[in-house]
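Chain naming follows the written order as A, B and C, and within any one chain the residues start at number 1.
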Amino acid sequence: MEQTQDQTPYQVNLGELFDGPMDLLVHLVKKNEVDIYDIPIALITQQYVEYLEWMKSVNIDVAGEFLVMAATLAHIKSRMLLPTPEEEGEDEDPRMEIIRPLAEYLQLKYAADDLLDRDRLDWDVFRRADLDAAEAWSDEEPGLIQVGLFELIDAFQDIIKRVSPKYLWDLTPDKISVKSRMSQISELIEEKGSVAFTELFETEATRGDIIVTFLAVLEMAKLQLIRVMQHVESGIIRIFNG
Amino acid sequence: MDDLKAIIESLLFAAEIPLKIDKIKTILELEDRDVIRDALTSLAEEYESGKRGFFLNEVAGGFQLRTRPEYGQWIRRLKETRPARLSRAAMETLSIVAYKQPILRSDVEYLRGVDCGGTLRTLLERRLVRIMGRKDLPGRPMIYGTTREFLELFDLKDLTELPSLKDLKDLGEAWPNDST
Amino acid sequence: MDDLKAIIESLLFAAEIPLKIDKIKTILELEDRDVIRDALTSLAEEYESGKRGFFLNEVAGGFQLRTRPEYGQWIRRLKETRPARLSRAAMETLSIVAYKQPILRSDVEYLRGVDCGGTLRTLLERRLVRIMGRKDLPGRPMIYGTTREFLELFDLKDLTELPSLKDLKDLGEAWPNDST
C-alpha cells in the first residue's frame, strides 16, 4: 500500500522521516553505496550524528531510540580504534554488533516489499462484494463463531471507558489465576458431580499453584458455588455443586 | 472473450449494487452506451447457453450477477455453515463475563447499561457462557462464567492467557499514519 | 458446463471467504475429494483460456474467485471507498510478525529498533495480526502471529508460501523502497 508522503512542517518528528534508527542507518548505507558487511563505521557514525544535529537545529524532535543508536555507533567506533591484544586476535569484528541486526532488518524490509508486490486484495484483485455483510452480524446466526481475542478485550475496554473508575478493579495475575482455577474446578465438579478436596492438589506443582487453588475453593465457597462437605468417619473432604 | 466484455464482467462481479449502464460508461470513459449494452447481452447469452453457476439479472435499473435459483438449496447450506460473527452486543457481554466471572446478570447489566437477557441467552446457547451456580440472594440469581468452548474459540489454554487491559494499554494508540 | 461444475461455481461465487474443498464436500454430500478438485481445475482452466473478468485463486487454504489483476484500475474506479492503507512502519512490523511468528512485541521492537505498540495495535484492529497467547516469562507477554485475513490480503495459500527471505549478498544494487 502506498506510503504517506505528506509531512506537515510544524508536526515533523524524526520518526516520520525515518521509521527509527535502523531505517536511518539503511538510508546512510544506501546513500554512501557501501557494502553492508563492510560498513565504514567512522564515516557512517559521523553522518548519523550530523543528521541528528541537523534535525535538532531545525527543531525536529529526536526520539530516544535514535540517541541510543548514536551511542552504540560511537562505542563500536571506539572499539575499532583500540589495538586488539594479540592473544585475542580471533575476536569478532566489533562492527558485527550493528551489521547483524542491520542485515536482518534489511531482509525483512525487502520481505515487506515482496509482499506489497503481490496481487493485493482490494487493490489489484477484488472478491465479490459481501452483499450479506449486515446479516452476518445478527445474533440469531447459528453455527461457529469467528472472532479474535483482540475483539474481546477491545469490547471490554470500551465498557470500562463508559463506567465509573471505582468499578475498575485491578486484574492482577494472581486474581486472574484464581478466577481461572475457579472455572476449572467448576468444570470438574460439573463433570464428576463431586470431587475430593485433595484431588484438586494432586497435579499441582508449585506452592503458588496450591495457594491459587486454595483461594479459588475459598472464593467459590463464599459465593456458594460449591458446598464443602466432610465425611464423618473417613474425614475426606468432598466438594459438591452449590 | 474480448477485453471490454471481460472488464465489464469483472465490474459486475465486484459491484455491490446493480450496475447501471451509465456507471459503466463513466468508469470506462466510453462514448457509446450501445457497445456496453451489446457486451451485456452477449454476457447474458453466454451464461445462459453455458449453463453457468450464475446469470445476469436486470434489476433495479441496473445489472447484477446472481447465482442460479435452482442452486439455491446449495447456497443456503453454504450460508448456514458459514462461521457467524458475534454481534457487538454479544461481544461486549461475553467480554464482561470473561473478565469479571463469576458474575451476576445484574452486574453485567450494570456495566453495559442495558438489558442483557437476550445476549446472555445467545451466549448460553452457543455454549460460550454457562451458569456456574446461584447466589444466595433474594430470587437466587444465576452466576455466569465462561466455558471450555470459550477457551477453545479463542485458542486459550486457560483464563490466565486472556490479555489484560494493561496489555492493551501498553500498546498505546494505533499508528496515526494508518487510515483505518 | 456440467451440473457439478456449475454448482461449485455458484458456491465459489456466493462464498465470503476462501472455500475449502472439505467444505464443498460437506455441502454437496460427496464422498470424493478428487471429483471436486477436478471440477476446480477445470473451472480454473476455463476462466484462464476464456480470459474472463475473474479467475480462480487458491488462497488462505481455500479457493476464491477474484477479479483479474490487470482490471484492478477499473474496479478501483468503481469502488469509491479508498482501500485502507498501511504505512511503511506498519508494513515492516507486519512482515516481521509474518516471518518470525510466534513472536513477542519486544522481539519485533528489537528488530525494528523502535516502539511498535501503535503499529501492532493498528494491525490487530485490521485483523492482520492476532494474539496467539502468552509466553511463560515474567509479565506473561503476549505472543503475536498473522491471521487468515493476512493470507487473503497478500494472496498467500499458507505461511509456507511467504516469499523466501533474500540473501543480501546476492542483491547488489537493489534496495528496498523507502521514502528517500
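The definition used in the following text is that contacts are C-beta pairs under 8 Å (C-beta built on N, C-alpha and C of every residue); 3 or more make two chains touch, one makes a residue touch a chain.
All values reported here derive from a predicted model rather than from experimental measurement.
Student: If I average the C-alpha coordinates per chain and also across every protein chain shown, which chain's average lies closest to the global one?
Tutor: That would be C.
Student: Farthest from chain B by Cα centre, which chain is it? Let me know.
Tutor: So the farthest one, by centre of C-alpha atoms, is A.
Student: Go ahead and note the Å separation of the Cα centroids belonging to chain A and chain B.
Tutor: Spacing between the chain centres: roughly 27 Å.
Student: Distance-wise, how many Å sit between the C-alpha centres of chain B and chain C, to the nearest whole number?
Tutor: So the centre of chain B lies 18 Å away from the centre of chain C.
Student: Residues touching two or more other chains, restricted to chain B: which are they?
Tutor: Only 10, 13-15, 79, 81-83, 155-156, 160, 163, 167-168, 177 qualify.
Student: If a residue has to touch 2 or more other chains to count, which residues of chain A qualify?
Tutor: 4, 126-128, 132, 136, 148-150, 154, 173, in rising order.
Student: Quick one: which bits of chain C touch chain A in the complex? Just the residue numbers, please.
Tutor: For chain C paired with chain A, touching residues are 13-14, 16, 57, 64-69, 72, 75-76, 79, 83-89, 91-92, 94-96, 98-99, 110-115, 124-125, 127, 130-131, 140, 147, 152-156, 162-163, 165-166, 168-169, 171, 175-180.
Student: Under the stated contact criterion, what part of chain C meets chain B in this complex?
Tutor: Listed in rising order, the residues of chain C that touch chain B are 1, 3, 5-17, 19, 23, 26-28, 50-54, 65, 67-68, 71, 74-75, 77-79, 84-87, 89-90, 105, 115, 117-122, 124-126, 131-134, 140, 142.
Student: Tell me, which parts of chain B touch chain A in their complex?
Tutor: Result: residues 10, 13-16, 79-92, 94-96, 98-99, 101-102, 110-113, 118-119, 122, 126, 128, 132-136, 143, 145-148, 153-156, 158-160, 162-168, 177 of chain B touch chain A.
Student: Along chain A, where are the residues that touch chain C in the complex?
Tutor: 1-5, 15, 17-23, 26-27, 30-31, 36-37, 63, 65, 69, 101, 103-116, 118-128, 130, 132, 136, 148-150, 154, 173
Student: Mind pulling up the chain B residues that touch chain C in the complex?
Tutor: 1, 3, 5-15, 19, 23, 27-28, 50-54, 65, 67-68, 71, 74-75, 77-79, 81-83, 155-157, 160-161, 163, 167-168, 170-180
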